[in-house]
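Note that chain A is present in both complexes that follow, paired respectively with chain B and with chain C.
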Partner chain A sequence: MEKNKLKGWLYLLPAILFLGCFMVYPLIDVFVYSFEESYNFASQTYQGTGGFNFAYVLHDTYFLQAVKNTFLMVIITVPLSTGIALLISVGLSSIKPLRRLFQTVYFLPYVTNTLAVGLVFMILFKKTEYTDGLVNLLIHWFGGESVDFISGPYWAKMFVMCFYIIWVVMPFKILLLTSALLSVDQSYYNAAKVDGTSGARIFRKITLPMISPTIFYLVITGFIGAFKEYSDAVALFGTNLNAAGMNTIVGYVYDMLYGDSGGYPSYASAAAIILFVIVLTITCINLLISSKHTTYN
Partner chain B sequence: MAKTDTYQEIERTAARRKKGMRTTTYILLTLWALIVLFPFYWMLLTSIKSYGAYNSEYIPQFITLSPTLQNYADAFSAVPLGRYLLNTFIFTVATTAIMMVVITLAAFAFARLNFRGKNLVFTLFLALMMIPNELVIITNFATITNMNMRNSFLGLILPSVTSVFYIYLLKENFAQVPDSLYYAAKVDGTSDLKYLCKVMVPICRPTLITIVILKVIECWNSYVWPRLITDDERYFLVSNGIQEIRENGFGRENIPAMMAAVVVISLPLIVLFLIFREKIMAGVSRGGTKG
Partner chain C sequence: MKVVLQNLTKKFPNRNKKAGGEVVAVNDFSFEIPDGKLVGLLGPSGCGKSTTLFMICGLQKPTSGKIFFGEDDVTDLPPENRGVGVVFQNYALYPHLTVRQNITFPLENLKGEDKLTKQEMQDKAYEAAKLVQIEELMDRKPNELSGGQQQRVAIARAMVKMPKVLLLDEPLSNLDARLRLQTREEIRRIQRETGITTVFVTHDQEEAMSISDVIVVMKDGEVQQIGKPQDVYDDPVNLFVAKFLGTPPVNLFDGEVKAGTLYIGDDAVLSVPGAADGAVDVGIRPEGFLLKEDGALCCALTGVEVMGRDISVVSTNPHAQSKAIRSIINAENKVDTDAKDVRFALKPNKVLLFQKETGERIYF
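Right after this comes the complex of A and B.
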C-alpha cells in the first residue's frame, strides 16, 4: 500500500508540476500584481500596494472603449448566432438528402485559422484607392453608397466584426443543436401529430423544451467566448486595435502587457481580474435563469 | 362526391405547403452554405490571379481566365512561409505529444491507482477548469521572460502541455475499463505502466484520438501566446506569420500573394478535417468549446 501511494503521486507529478507552474502560481500572482502600484518589469520593484491599478484601468478611456466594444459584440452576436444556428439546425434536421454535405460545409470555419480567414474578410470588406471591394460592389448593385468597413465609421466596423464573429462561432452551435434536435424522441412528434397539433405549437411545446439544455449550454459558452473576443478583431483590424477603436477587454490586457503600449503587468492584471469578475457574474446570472427554464429529462 | 373533392383539395394544399416548406428550407440552407464557402472560394480565386490583373480590377471579377501559380512561389520565397509552417508543425507535434503523456499518466492515476488525497487533488483539478487563460497568461509571460525562454520552442510549448479538461475526459473513459482486467493483469505480474500501455491505451484509443485531434486544431490556430512570446521571425508560427505578412510582408500590398499564403496555411487542417470528418465532429461536440 505504501509503495502504491507513492506511485499514484508519481503518475500525477508531471501534471501537478505543469499546473502548479503555469496555472496555480500565476493565479495567485495575478492578484499580487494587481495590487502592486507602479510595478516595473525591468527592475522588478514597486512603490506601494493598493487599489490604484483598478482605479487607473477603470478611468482609462481605452479600457472604457474596449468595454463598450466588447459588450456590444456580446449583445449582438450571442442572440443572433444562437438564433440563426437554431433556424439552420431545424432546417438541417428536417431534411435527409444532402444533410451530410451541408453539415460538412457548415463545419469548415471551425478548422480554419481565424487570422488567415480574417484576412479574406478584410479584403472582401475593405475599400482602397484601387478597388471598392466586393461587398461595396454588392451594395452598389442594390443602389447604396459604398462604405469603408475596415477603417471607416464605427458602426461599419462593428458590423464586420459581428458578422465575422458569427461566421466563426456558427459551426460549433450548428453541430450541437443539430445533434440535439436529431436525438429528440420521435414518438413525441407522432403523438402530437395524432392530436393534430400545429407545427408552431409542436416546436414551442416539444422541440424547444427538449433541446433547452443544449441552448442554454450554447448561450453560456457563447457569452464566455464573446467576452474573451480578441483574435478575430486582430484578424480584421490589425494588431493596433486601439488606433482602430475596436479594442476588446482581452485586447486591452495584452496591449498593457506587451507591444508598443506594453510593459504594465499591474494594469493588465487589474483589467484581467475585472474581466473575470464580469464573466463570472454573467455566467452566474445565466445559470440562475437556465435552472428555472431548462427541462432535463 | 363533393366531400371527397374537398378532402383531396385539403390533401393537395397540405402537399403543396409541405413542398413549399421544403424548398424554403433548402434555399435557406444553401444560402448559409454559400456564406460559409464564399471566403474560401475568394481566397483560392485571388491566390491564382496575377498581381497585375488583381490590381487593375476596379470591379472585382468572379472568375479568372489566366490563372497563375506565381503567387505561391512568391509566398514561399518573399516571406519565410516554409519556416512558419515548419515551426507550427514542430510546435504542434511536440505540444500534443508531451501533453498526451502527461494527461494519460494523470488520468491513469485518478482512474485506477489508490492513494491518500486522490479525491481532494481531483477536486482541485476540476476547480482549475474554471480559470480562464487570460488570468494566468500575464504571469506566464513574466515567468517565461525571466527564464530567458522567449523566442524558443520551450517557451512556446511548456505552458500548454497540460489540460485539466482532457485529464477529466480521459479519466472518465479509463474508469469504464472493467476492474477485472486490472486484477487479471496483476495476477500475471504485469506492472502498472505496462498495463496502462498495453491494455488501457488500446481500449481507450478513440478518446485519445479525439483529444489529439482537438489539440492539433488548437495548436495550429494558436495566436495569443506565440505572439506574446516570440518577436523573432525565426520562431513565428503561422498565425503570427500571417499577421507579419499582412503588416510588413511583400512590400506594397500584394494581396494575391497574401491569399496564396492564406490558402497554404488553411489547407492542412481542412485536409485533416475532410479525412477525419466523423471523428472531429464527434470530438468537438464532446469536448469543443469554441463558439
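Right after this comes the complex of A and C.
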C-alpha cells in the first residue's frame, strides 16, 4: 500500500511540478500583488499592504465601464447563443437532405481566424468613405437611417459586439448539441408517440431533460468564456478599448499591465482577483442550479 | 379485441443506394390474432417480426395491406388512437422521471373529455403498479431498479391506459437467465389476469413456445407457420421451422427413400410407405432416438453427458449434416461409454423428411 502511494505520487510529479510552477505559483503571486500597494516589477518593491488596490480599481470609471460591458455581454450572449444553437441543432437533426452540408456551414466560424472574422464584420458594419457597410445598406433598404456601428452610439457598438460573440461561439455549441440530440435513444420518442405525446411536450419533457447535461455544460463554459472576453473586442474596436468605451474586465487588466496607461501590476492583480471572484460565484450558482435540474444516466 | 392483419406488406428503400431497389421487411402477412390470446412472433433477427409489431402499434405504416382491431380499420390511425400499449426492447423508461411519473406520463397526454384529474391519474398508476407488483417502488428512478423491475415498470406504463392490445418487443432479451424464467411467467400471469390480446416478438424459440397460445414463425419477411407451439414443434411444415424450434436442435442427416424405406447411408432406418423415392433431408428430434442393441441406425459414440433426469448421447455419423448428433435418452438406460458404436431405433413420429431443394416437408 505504502509503496503504491509513493508510485502514485511519482506518476503525478511531472504534472504537479508544471502546474505548480506555471499555474499555482503565479496565482498566489497575483493574489499577493493585489494587496501590495504600488508594486514595482523592476525594483521588486512596494509601499505598503492593504486593500488600497481594490478601492482604487472599484472607483476607477474605466473599470466600472468594463464591468458593465462584460456583464452586458455575458447576460446577452450566453442565453441567446445557447438558445439559437439549440434551435439550429433541433432543426439540423430533424432534416435529412443536406444535413451534412448545413453542419459544415454552421461549423465554419469555428475554424476561422478571429481577425479574419473581424474583417468580415468590418465589411458588414464599418462606415468608410465609400460605403456605410452592408448592414446599413439593408437598413436603408427598409427606409431606416445609417447607424455607425463601430464608432457610433453605445447600443450599436454593444449590438455588434454581442452579434460577433454569438456568431463565434455558436458552432461549438451546435456541434455538441447536435451530437447530444442524436444520442437520445429513438425508443424514447417511439414510446412517447405511442402514448400520443404532442411534439412540444416531447421536446419539453423528454428531449430537454435528456440533453440537459450538455446544455448546462455549455451554459457554464459559456459564462466563463464570456467573462474572459477580450480579443473579440480588440478585433472589432482596436486596441484602445477605453476610448471606444467597449473595454472588458480582461481588457482592463491588460491595459493596467501593458497598455498606454500601463505599468500598474498591483491594480491589474486586484482587477484580476475581482474577476476571479465574480466567475467563481457565478459558476457556483450555475452548478447549484444544474445539480437540481440535470439528469445524468 | 381480435386483431386482423390482412396482406400486410412493408418495403423499405434499400440503405445501400447504389444497389437501389427495395428491401421487403414483411411480405403479404395475413393472420387473425384471436381475442384474449398471447401470440408470439418468432424468427431470427431481420425476419420482419419487429416491423410487424411496429405496424400493429402504428409507429410504421404498411406499404400495403390492412390492419383491423375488432371490426375497425386502424391502418391509417396514429398510434395513440389505436389503444395499444407497447413495451420496448430496452424498456424506454424516461430516466429523469420517477416510476410514478413514468407510469402517469401516458395519462397526462389525454385531452378533452378523457382528461383525468391528478387523483384519478394517481389511482390508475397505483392500480397498474399493483398489477405488476411494483407499488413499493413508485418514487424510485429507473436507474435505481433492477432489470426485472424496470421491465415491470415498462409493462405498467403500457397497461395504465387499459389498452386493447398489448405489444411487447423482445421483452426478455435484456434479462439474465433466471429473471427470464420468472418474467415470462409474470407476463403470462398479467396476460391471463387482464385477458388482454397480447403480441410479443422474440428470437428465442424456448421463450415463445413456453408462454404463447399461438406462435407465428417468420423468416425473411414471410410467415412460415402459424399454430399452437406443440403442433408447430411436432409438425413443422418445412426444414426452416424444424431447425428453428427445439433445444437441442433437430439432428439432420442426408437420407434416401428407396421403395418405401428410408436409408441413412446403408442403414435402412425406417419404413416410410407414403414417400416417393429420391434423396431427402432427414430431421430427427433428439428425443426421437431409442437405444437398442439391434437398432437400425449405427453411429460412432463420442460421449455421454449426464443431466440427471435424462442423458444426452453425443455421437457422429458420416451422413449427418452436423458434426455431432445429440440424442436425449431416458436416464434409466445404461450406456457403455467405452463402446465404439451405439445403435439407435427411431420413433417414427419424431422423424421428419424434407425435400432437398425446397425444404418442404414430405409426409409419410
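A few remarks follow.
By definition in this document, the second predicted complex is superposed on the first by the 277 of 297 C-alpha atoms of A that agree within 3 Å, B and C clash if a C-alpha of one lies under 4 Å from a C-alpha of the other, contacts with A are read in each partner's own complex, and residues count from 1 in each chain.
In this section, a contact is a pair of C-beta atoms (placed from the backbone, for glycine too) under 8 Å apart; a residue touches a chain by one contact, two chains touch by 3 or more.
This structure is a prediction, so every number in the text was calculated from the model and none was measured.
Partners chain B and chain C, once the complexes are superposed on chain A, both fit on it without clashing.
With both structures placed on the common chain, the touch criterion links A:Trp167 to chain B but leaves chain C unconnected. The superposition-derived angle at chain A (between chain B and chain C) is 70°, Cα centres, a multiple of 10. When the two structures are aligned on the shared chain, A:Val105 is found in touch with chain B, with no touch to chain C. More residues of chain A are touched by B (comparison of chain B with chain C). Contacts of A:Leu137 after superposition: chain B is touched, whereas chain C is not reached. Using the contact criterion defined above for the overlaid structures, shared-chain residue A:Leu72 touches neither chain B nor chain C, since it reaches no partner. Look at A:Val30: by the touch rule set out above, it reaches chain B but stays clear of chain C. Looking at the shared chain after the overlay, A:Ile278 reaches neither chain B nor chain C. By the document's definition of touching, neither partner reaches A:Met158: not chain B, not chain C.
Looking at the shared chain after the overlay, A:Ser94 reaches chain B, while chain C stays out of its contact range. With chain A used as the common frame, chain B approaches chain C to a shortest CA-CA distance of 7 Å.
No residue of chain A is contacted both by chain B in one complex and by chain C in the other.
Against chain B, the residues of chain A that register as touching in their complex are 4-9, 11-12, 14-16, 18-19, 21-27, 29-30, 33, 41, 81, 84, 87-88, 91-92, 94-95, 98, 102-117, 119-121, 123-124, 128, 130-134, 137, 167-173, 175-176, 179, 218, 221-222, 224-225, 228, 230-231, 234, 238-239, 250, 253-254, 257-258, 265, 268-269, 272-273, 275-276, 279. The touching residues of chain B, counted against chain A in their complex, run 22, 25-26, 28-29, 32-33, 35-37, 39-40, 42-43, 46, 55, 57-60, 101-103, 105-106, 108-110, 113-116, 118, 121, 125, 128, 131-132, 134-143, 158-159, 161-162, 164, 167, 192, 217, 220-221, 223-224, 227-228, 238-239, 242-243, 246-247, 253, 255, 258-259, 261-262, 265-266, 269-270, 272-274, 277, 280-281, 284-285, 288-291. Chain C contributes residues 57-59, 78-81, 84-86, 88-90, 92, 94-96, 105-106, 109-110, 143, 157, 161 to its touches with chain A in the complex.
In the complex of the two chains, the chain A residues touching chain C come out as 185, 187-188, 190-198, 201, 205-206, 209-210, 212, 295, 297.
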